[in-house]
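Listed next: structures, encoded as structure tokens.
The two complexes that follow have chain A in common; it is paired with chain B in the first and with chain C in the second.
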Partner chain A sequence: MSKQILIADDAPIIRLMLKDLITPLGYQVIAEASNGEEAVEKYKEFKPDLVTLDIIMPQKNGIQALAEILAINPKAKVIMITAIDQKEYLTNAIKTGASDYIVKPFEEERVRSVIRKALGDL
Partner chain B sequence: MNDSEQSKNNLNKTVRIITQMGLNMASVLFSKLIKTDANIYIDKIYNEDISIVGNDIETNNKEVIAAMVDLVGDAPMKFLFMVPLDDALKITDLILGKKLGTTKNFDIYVESSVQEIGNIMASAISNVFVTTCKIKLLPSPPVVVKNYSSIIFQEYTFDLATESNEILIVESHFDLSATGINCILFLLPCLESKKVLSSIEGL
Partner chain C sequence: MEGNNNSMSESDRREMLSDFLIDCEVLLKTLNDKLLVCEKAISSKGTIADVDIDAMFRAAHSIKGAASFIGLENIVKLTHEMENILQKIKNKQILMEEKIFNVLFKAFDKLEALFERLKETSFDDGDIEQEIVSFKNVLAFVTESSSNSKNKNDKYWQQYLVETIQNIDDFNKELLNYEKNKDKIDIIDTLFRITHTIKGSSGLLKVSNAHKVAHNMENILNYARSSGQQLDNYWISALFGAIDLIKEIVMSQNDNRPLPDNINKVLDNLNRLNSIIENSNSAIVVSNDQVEEKIKQLITQGNNILKISVQLESDLSMKSMKALLLQEKLARITNIHLMLPSMEVLEKEDFKKDVTIIFLIDDKNNQTDIKEAINIDGVTQFNIEKQSINNSATATATATPTTPPASNSNSNSNSISNSNQHNHLEISTIKVDSNKIDTLLNLSGELVILRAKFSQILHRLRQEKNFDYKNINSIINIFDETTSSLGKMASEIQTSVMQTRMIPIEGIFNRFKRTVRDISHELGKNIELVTRGEDTELDKKIVDSLSEPLTHMIRNAADHGIEDQEERKRAGKAEQGTIYLSASHRGNSICIEVADDGKGIDHNKVLKSAIEKGILTEEKAQTMSKQDILNLIFLPGFSTAAKVTGISGRGVGMDVVKNMINSVNGIVEINTEVGSGTSFLLKIPLTLAIIQALNVIVAKEVYSIPIESVVEILKVHPFDIYSVDGNETVKLRGHALSLIELENVIKVQSDENKRMGIKNIVVITNGQKQVGLVIDDLIGKDEMVIKSLSEHFSHVKGITGASILGDGRVALILDPLAIMREI
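Take a look at the complex of A and B:
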């Protein structure tokens, strides 16, 4: 069975672009979320192998969602995808427990390699 | 020159320098996103009476899609990106790597193209302010609306009117190679940020 990924981003076009990048790698995008709260709910429901989390999202931001997902499963693999290229903020995400981060607009090859690495396929 | 004029000049200079640095970064990121060379430059920085604000925007008679982002932190600002509806369709094609003219109708992907441009550019500007001025500044999630530009502008700046009778406006335009796409970007420092920014020296 292929490994499953949850994509959380408030912009449908980014979810589409990520899905188009991830699917050819042989992974299944099991669910999508448009805000942090939905991301946590979908994580509980689907228990995916990996989550990509945008940071700036309505209702609950990506850092809050990351903390809640890790509270559910401390071994959860979460990659932050964000346009905020601020050292303090990104360090905080990694300290909170994110596996890695990708700065938007993303390079396709970096997305592929970060996801494959996080899933132990690189 | 009296103290008030000196302070205003210092504020305008600081805002111009840092915003242009932010726009240079935003140009690079925007170009990457739409896979087309883009150059964003400051057209003008001016103080405008709140009662007439938005009356002379270039795209006034056109319906536009706008992304509104509040930059929250030590120097709060309002960020507004607007693109005419027909040009938003072209931008969506560019982001998705499709031939220009493929997207014909306004849909969630067109809406979120503008949303994501707002997110990426507002983040680029806030990143530069944070690095250069050693302040805290983060973008809020973008809100996307479709309406006439003057209406959007007036509604978005409404709460600034409670702070002051005039607002400082940084108006920027886009040069987008040969695509014919016309976009406009406004950065509006709130009253609180004027004090912070005008005290920054050494730029």
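Take a look at the complex of A and C:
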């Protein structure tokens, strides 16, 4: 069974782009979330192999969501999606326990590499 | 063909042509004969005399000159090519080999054909294109192929050799300097400039390997210069290895021996280093020193340590975030003792370059987790090394092709520097301060004036027909005056010429800084070399011959003298050991001292060892003074070294040092104090060319005794001479002094009338003991110019050379050290 991924981002266009990048790698995007709250809910529901988590999201931001997901599963693999000017948030996320991060705007090759390495496939 | 000869009438031309043909007949014959000589030499692999080449060259040149006068263009072109190639052979730029000979011979055939045609038609027309082309081809090929075999006598080569060796020495000096003062960027500039010079001249002389290495070094230095990055010890060692390699390459080329085996290894290493630079353009170099130090510290504290180096991609944005990520991930699975560069440094600069981050972490046997943690996007390479006490890192994880473990480079550079010690280099050319030459020039000018004075005196004498007493007297006065100024001038010239042979000892002193650095690295000791009196000048030949014994002594001091750091701490000494190397003038000799602040030599241990080795009997040992015992270490095969190290203690001991010093008429003295250090004092005459000597007469012959060995002169009454074990002995101030007759040593014909009455005795010493040499008569002290004896006399013991006395007689110069060995 192919590995399953949850995509959490408030911007539909980003979710679409990520999905288009991830699917050809042979992974299954099992669910999408548009805010932090939803992301945590979907994580509980699907127990995916990997989560991509936007840092700035409404209701519950990415860092809170990250902490909650790690509380559920300390070994959860969570990739943060960040803009280049969000160093402080990213620092927090890394200290909280993120597996890696992807910088927007996306460099496609890098996105593929981050995800595959995080899943131990590269 | 005759286009530019319109002014010449046809009859004139005919007349000139016939003259030309007659002249050329001889020249062509010369060419033909000499070419045949060459052919014979080539086929029998013999040598071709320079005069033959020269004769051909001149013949071709003459034909060319005459032909151009008449406007015989083809002949001019052809002989021009021949002349050209012959000149190159003459100048030893190319060798007269078969290929060249064939071309020359074909050209000669063509030339003869042209002359035949000229006789018939009075024009030299014919197709010479083919010959011209083959000349060009053969030249292009030959210059390239013969460039590999260097002619030692080539004037450029000598110049290159002297310059390059000097540059290598300078480079070593500056690099050592840099190692201590890494913040001084201007040293990098200097190093770069030196390397650039070496590269340039090596390129010119087609020493392509040296050129290649220098080019690589230049890259490293240029990178350090432009990026402002300090080079750590790893890179410095690589540079040391490289400069050693250049020296090896140049010397092996000079000695016509094959290149060292390890050349490819070192070149590979350099290339790899260079590729790091070239790939990254400006990689961040992590200071290895800091890492190594921390590793040592952690290991001695009993930690199991892994060293992880992670290289980040150069075009990765927000590198500090990746570094943070790595740090966090590793912190989650183990302890991090050190991270370099630190987060603070990484945050400050957001690099547009490669970064290699080094972590020192506890080894918790969880390498799989570690690999997983650091295998993230943006990491191009990573390397995990287990660290052990002896620091020989055992790579256990994914190898990175571009960062070789540091221990590799060390062994590389060591193996080269070791092999270096065997090829003792001697360059027969010498650099002279132009001031010294100026002085000589002035003196020779005055010599001309003096000569004029003498001819004036002669002139006056000739005019003196009446033999007037007063006039004669005045001439004698002038003559006397002039003679004494000639004497003064002669000694001034002598001093100045001697001065030109004098070079500062600085050159070899600087080399030792490098030696000490290498030894301290090898032994893991902290040793500093302090030099004093570097500008002391002495004869070049002596400087050359000092390099080897001094190397031995410095190695001994570093290995046996200086204790390791713990021992020094326990003894309450500074952790850093010091070796002092100083030179100073004392009268007509120079004193060189090699001293260390190490543990000193325990004379009791020396004594014990000597008895164990059967060098001494116990009874004899009882009677020996402390100094006598210490002198035992100069005996062959004597070594107190408890263990044989890679540096000394392999039987190449102080006896070798002593012999080498003795061979330049020097003596060695030793002073030591247990616990505080040892000092060796070498006393060496300033020059080998002129000595101060005491002239004596033995069996009607004059002998010179070098004054350094003379202690005093005695007159002894026969009643005061005792016989001890068949040896004649006198008592001198309470000590027994054995007497020796010269005839027993150098087998001179003994005097018929055996000396009966009071004996004259010259007391001579070798620094350790004294003997009395019995002589017939004393002449006095004088400066003697040493003429070396021919090889036939090399087996004659006790004589080092000969000299000519003022009255034309020959005086043999005695070798007191050899004489004392004989008895």
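Criterion: the second predicted complex is superposed on the first by the 119 of 122 C-alpha atoms of A that agree within 3 Å, B and C clash if a C-alpha of one lies under 4 Å from a C-alpha of the other, contacts with A are read in each partner's own complex, and residues count from 1 in each chain.
Methods note: a contact is a pair of C-beta atoms (placed from the backbone, for glycine too) under 8 Å apart; a residue touches a chain by one contact, two chains touch by 3 or more.
Because the structure is predicted, anything quoted here is derived from the model rather than measured.
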item	value
Simultaneous placement of chain C and chain B on chain A, clash or fit	fit
Partner chain(s) touched by A:Ser113 [first = chain B, second = chain C, both, neither]	second
Which superposed partner A:Pro105 touches (first chain B, second chain C, both, neither)	first
Partner chain in contact with A:Gly26 - chain B first, chain C second, else both or neither	neither
Which superposed partner A:Ile84 touches (first chain B, second chain C, both, neither)	both
Chain A-centred angle between chain C and chain B, computed on Cα centres after superposition, in steps of 10 °	90
Chain B versus chain C as contact partner of A:Lys95, first or second or both or neither	second
Shortest CA-CA distance in Å separating chain B from chain C in the superposed model	11
Residues on chain A lying within both footprints (that of chain B and that of chain C)	84
Touching residues on chain B, where the partner in the complex is chain A	29, 32-33, 92, 95-96, 108-109, 111-113, 115-116, 119-120, 123-124, 126-127, 130-131, 138-141
Residues of chain A touching chain B in the complex	10-14, 16-17, 56-58, 82-86, 89, 104-105
For the chain C and chain A complex, residues of the former touching the latter	317-318, 321, 324-325, 328, 332, 372, 375-378
Residues on chain A engaged by chain C in the complex (per definition of touch)	84, 87, 90-91, 94-95, 97-101, 103, 110, 113-114, 117-118, 120, 122
